[in-house]
Amino acid sequence: MRILLVNPNTSADMTERMVATASAVLDPGVELVGITATRGMPYIASRAEAAVAGSLTLEMIAENQQGADAIVIAAYGDPGLIAARELFDVPVTGMAEAAMLTACMLGQTFSVVTFSRTLTAWYEDAVRLAGLDARCAGIRVPDASFQSVATVQHELEGELVKLIDEVVARDKADVVILGGAPLTGLAERIADRVPVPLVDPVSAAVGQAQLLARLKVRPARAGRFARPGAKPAVGLSPALGAWIEHRD
Amino acid sequence: MRILLVNPNTSADMTERMVATASAVLDPGVELVGITATRGMPYIASRAEAAVAGSLTLEMIAENQQGADAIVIAAYGDPGLIAARELFDVPVTGMAEAAMLTACMLGQTFSVVTFSRTLTAWYEDAVRLAGLDARCAGIRVPDASFQSVATVQHELEGELVKLIDEVVARDKADVVILGGAPLTGLAERIADRVPVPLVDPVSAAVGQAQLLARLKVRPARAGRFARPGAKPAVGLSPALGAWIEHRD
Amino acid sequence: MRILLVNPNTSADMTERMVATASAVLDPGVELVGITATRGMPYIASRAEAAVAGSLTLEMIAENQQGADAIVIAAYGDPGLIAARELFDVPVTGMAEAAMLTACMLGQTFSVVTFSRTLTAWYEDAVRLAGLDARCAGIRVPDASFQSVATVQHELEGELVKLIDEVVARDKADVVILGGAPLTGLAERIADRVPVPLVDPVSAAVGQAQLLARLKVRPARAGRFARPGAKPAVGLSPALGAWIEHRD
Amino acid sequence: MRILLVNPNTSADMTERMVATASAVLDPGVELVGITATRGMPYIASRAEAAVAGSLTLEMIAENQQGADAIVIAAYGDPGLIAARELFDVPVTGMAEAAMLTACMLGQTFSVVTFSRTLTAWYEDAVRLAGLDARCAGIRVPDASFQSVATVQHELEGELVKLIDEVVARDKADVVILGGAPLTGLAERIADRVPVPLVDPVSAAVGQAQLLARLKVRPARAGRFARPGAKPAVGLSPALGAWIEHRD
Amino acid sequence: MRILLVNPNTSADMTERMVATASAVLDPGVELVGITATRGMPYIASRAEAAVAGSLTLEMIAENQQGADAIVIAAYGDPGLIAARELFDVPVTGMAEAAMLTACMLGQTFSVVTFSRTLTAWYEDAVRLAGLDARCAGIRVPDASFQSVATVQHELEGELVKLIDEVVARDKADVVILGGAPLTGLAERIADRVPVPLVDPVSAAVGQAQLLARLKVRPARAGRFARPGAKPAVGLSPALGAWIEHRD
Amino acid sequence: MRILLVNPNTSADMTERMVATASAVLDPGVELVGITATRGMPYIASRAEAAVAGSLTLEMIAENQQGADAIVIAAYGDPGLIAARELFDVPVTGMAEAAMLTACMLGQTFSVVTFSRTLTAWYEDAVRLAGLDARCAGIRVPDASFQSVATVQHELEGELVKLIDEVVARDKADVVILGGAPLTGLAERIADRVPVPLVDPVSAAVGQAQLLARLKVRPARAGRFARPGAKPAVGLSPALGAWIEHRD
């Protein structure tokens, strides 16, 4: 089995870290291949950036889907998730959606704890898109600032542990999701210092992708997620244009 | 006052028709300028296509916003609406959102009547995004098929009038929105043959854009809709890349 | 075009101030006529008072509707709005509804900031009636007291500016509505001192009324908003009784 | 104990029938006094009429509240209910609200079955006002027409029994409310011919009023339902004006 | 008339106290019989305990239903309520549900005030089960600890009065429910010291049971609450097994 | 790794079939152990039966949890799920919840298709408990009857395939869940004959249990799902009583 992890950010080291962390949930014999965007931004933080990334994600999948049994969109916020599910025939998971659905099996309410206030509007959209408003106890950010997304999980480690305690006490969160690719790997490190289960989104998304591939679900041939009919397309990336025009 | 109507489809004749129809709601002295996508698809119908169009819409606005007092995204479904509102400083309206909010002042429930089943999933998303689920009585499509989007409003005119009657009787819609740019202008033609008020989306969107410009609201300097900070961007269209990098 | 502004309070000076402020959104050639209640209370603040005012509003419209292209109910809380829309054939807008729907095009969430705690229950009802609970970030009131509704917007100006800052930071409001006729005109004065767009309700309501008239929507002939059949009525105001009995 | 039943319609015979039917739930020693509107309409059916009736209801209570331990607003749709609860200090129940809350103890979903399509918009408002949308399986009306509200329950008896069967089978209603004062007494007559429990609204409303009086709850002295402060009032009915001005 | 009060806890003195308090709402001639669990726990506080109690409640009703006109499940949280309503043919009320529905006639929002944090998750479930989320202003607990459930209402009396004040001011509760059998009787004692109406759950549940019996509603013969068909059952309590197997 | 599959029905052959089917999603080296209830009913179909089964499930887990890395409650409807999650320290999944959450990654709406009308009320409760009402397109049952739960999936195979087509066309379901243990294995057999992805609940529940164990989430030490404190318990099954009393 082969799972494709698509990072719509241009940071290759983040792709590597996500692949490394998520490998812990893989069965032996499952290959996890990470690819990194060559256009776009080093780290998506706003919804305008996510709109651009949604389109890039489709380009990246169109170019690399060959041979994949499942695809993971590796940016918390899931740019292009619904579009990709509609357009392509393999199962697709996203970090935000997979983390939230996984959290729903560990408690009744989850909170998302992340590191930057500019991310919260995008993360709220992911909650609403999943229809999970009633289960989300909040999206919270520490007050402290940080130097770089590459090291933020170490810089703010103490603040985040403290914030999780608060989120449990004040917002009554049963589970905490550590939102945002830059926090990948932090869950394992602090799990014993916080009072509720933690969810690492990329591990959840890769684990769910593996499960969907195992369940051997067939792609939709009717309804909202059947592949759209062929349509002329001008000026798009070659692979995406070809796929939209059914020249595959 | 100058209003920019952005059509993210590649059909220039549809742009013209929308500008012509919407001019009826403009005050003398307001200029309405239509622009048409040069990349993309002739007519967006799926959510994958809408994801691509969302990105194109941002490119088009970045290139043409200079001197605009308000912007209208002229595709029912509003690709890139929230992203554009976040990224740019002028008021932005969308056909779906403006039609639905306008309909809310004419009754308690509205139905959207359109011409193709593949559009409905996208139109449902627009309802949900606006938080208007409780006011939407349904999205309905006639069973009949048609030859071309250019002539669909004439081909299906009789079917659509009949469907509106049904929607009023069965779904208890108080108002009907004629969804989709290809139906532009139909409302005026059939208004006297149907038992409830009709909303023409592009007229609503242009009218609301004009009103927002008149209200002289200031752009947000804080919160979800404040312009995101400068960020490096690689490989995007020149104007959009420059705006994201704050080189304006 | 002629728009009728109906103030169900007995304060004629407030009617004048509203007409003056709202004129800024009118096209040249549109006439805005304000009328003031001759029965009732100087300023409606509770829901019991609003129930009485709902009935008075219908009387006032019945008496003055002749020649009006659209009607504005000029009390935030919109007494009699749904009833008036059902009973009469011209478009009717209300200050609360129009302000909230307009705010929905400027951000995802709005807060209502007003000056007296007794108003909040009524304002909450307006949110619920519009089905906009999911978009309302709260209804907030400063702690300070004031001398008179005639001068409250000057007395509390500093407090209100401060409260708007708090509402943006704490409740994450994207837009703020200044609720209550006594705050008419304040938005323009403080717009540059607050970090998010402000909505002035009477300007929104008059602007929306003008747009509805421009859209030339036909009145409903079926469903919830078709005019009720003739019915005997005893002891009501002459014009309202005549209209209910279809003696028009 | 003395319970006041306020009929905001002008039909005295309907008042009598309601008093007669509801007496079956009263304890010995409880007096039920019915009063009938002297202004207004013989039978309220639209929301415009209900807005007028809301104001009349307050007048009637203001005039007759002396000595009452609880008040019942005896029109399904509950005109003026929230206003009356705010304004007066005795417990107030309404036929729609009481019937729905009672139904909630007999099953998970209820349907309202009534006799005229024009009533349904008003009855839907009552569901929404109570926040019981999730428990309402629908509001249904037979297709047949009838001669007079005085005899409608006999004219349509067969149709209504059949409709209840349908409502149980198709809408999965666990309980059926017979909505509208003209159906008072029908529940008892057909209870053995239908497969689910029936609720007679006036019996529920009088029974709940009696229970609230028994529970000896104190009136609110703070919050949404504390009596509003004194306020000048011009041109209202003497008793209502006096109560609003605190001249009691 | 005979009402059966079923206490699924093993504390007989609490049963007695509840019977004594609730007697105040009974008509002369109504007999209220309390029974106490012989298996289980002295005081249910968690949802695991409530799951066990739900099964015990069914056993207790199966054994004692003979001759009862209505049944009250006398633990706030209502273990087994829906199951009992489905299985048995007499009306069944629960303390949480009855208190909340009664509170809905006294204001728009209610808060539940109780004495121990471990109870809140269970009480939240009761709100959700009743579909009353939109009317619940919160579930609140004082910070202070206590010695014993038998005396907690005296130990925390001052704290609870203070908390009710806060709940009214901060959460805008119109009504307060004193949740949990150990607070039975407190409402009457402190009613004059708090600014909003209080609901005593066991009085509400017994009062509502009496009303349902008075309304003479027939049991459902179709739908969700019709008695399930006979089914073999192994190893259950004799009366419950017999009832499930229709050996009655 | 060792996963415990707990069947709260008394049918051992159904346990075997579920273990056989679910094994397809297991990694090599994971052991799946099925246990069958010795008390209770052969097949739970009503909510009264589910209430009894909830208590039995806790007994079965208490007795068999030793050495388990995750637990699956193997009855669609998930009796005792929340209680078990609160009481025990290993991850617990349920067939209904796991199937619905898995379906949420394959489309926006799912329908549950099952074989007997008496099951639907219970299945609706599972939707509501998960907070997934907005994503459930309906719960549907074929009109045909059947002989035995052991063979129902063969008896009704044709009817179910046809019903799935209807559910896709009429209810717009993107995914279909085959609800109820007796349908275990059917998904694989008919997957190529239906137009949307199918979910087999026991495979989903076992797959999710395996994933939760892989994610090595720690049990909650605070909040709603922390293990309740020790409490005296009388007359319960030995293992459950001991666990509740913390004699483990």
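Each chain carries a letter (A, B, C, D, E and F) given by its place in the written order, and its residues are counted from 1.
Just so we're on the same page, contacts are C-beta pairs under 8 Å (C-beta built on N, C-alpha and C of every residue); 3 or more make two chains touch, one makes a residue touch a chain.
By chain, with names taken from UniProt: A, B, C, D, E, F = Asp/Glu/hydantoin racemase.
What you see is a predicted model; the values in this text were computed from it and never measured.
Farthest chain from subunit A, judged by C-alpha centroids: D. To find the repeat of E-F among B-C, C-D or D-E, check which pair has over half of the same contact pairs by residue number; it is C-D.
Copies subunit C and subunit D of the same chain sequence form an interface built mainly from equivalent positions, shared numbers / all numbers used being over half. Counting C-beta pairs in contact across A-B and across B-C gives the higher total for B-C.
The chain with its Cα centroid farthest from the Cα centroid of subunit B is E. Remark: subunit B and subunit E have CA centroids separated by 52 Å (rounded to whole angstrom).
Each chain gets a centre from the mean of its Cα atoms; for subunit A and subunit F, those two points are 27 Å apart. Averaging Cα coordinates per chain places subunit C and subunit E 44 Å apart. The multi-chain contact residues of subunit B, meaning those touching 2 or more other chains, are 82, 108, 121, 134, 224.
Against subunit A, in their complex, subunit F makes its touches with residues 24-25, 27-28, 82, 85, 91, 93, 97-98, 101-102, 104-109, 130-132, 134-135, 168-169, 172-174, 188, 191-192, 195-200, 203-204, 207-208, 210-212, 214-226.
Of all residues in subunit A, those touching subunit B in their complex are 10, 38-42, 45-52, 54-56, 58, 80, 82-84, 86-87, 118, 121, 125, 128, 224, 228-229, 231-236, 240, 244.
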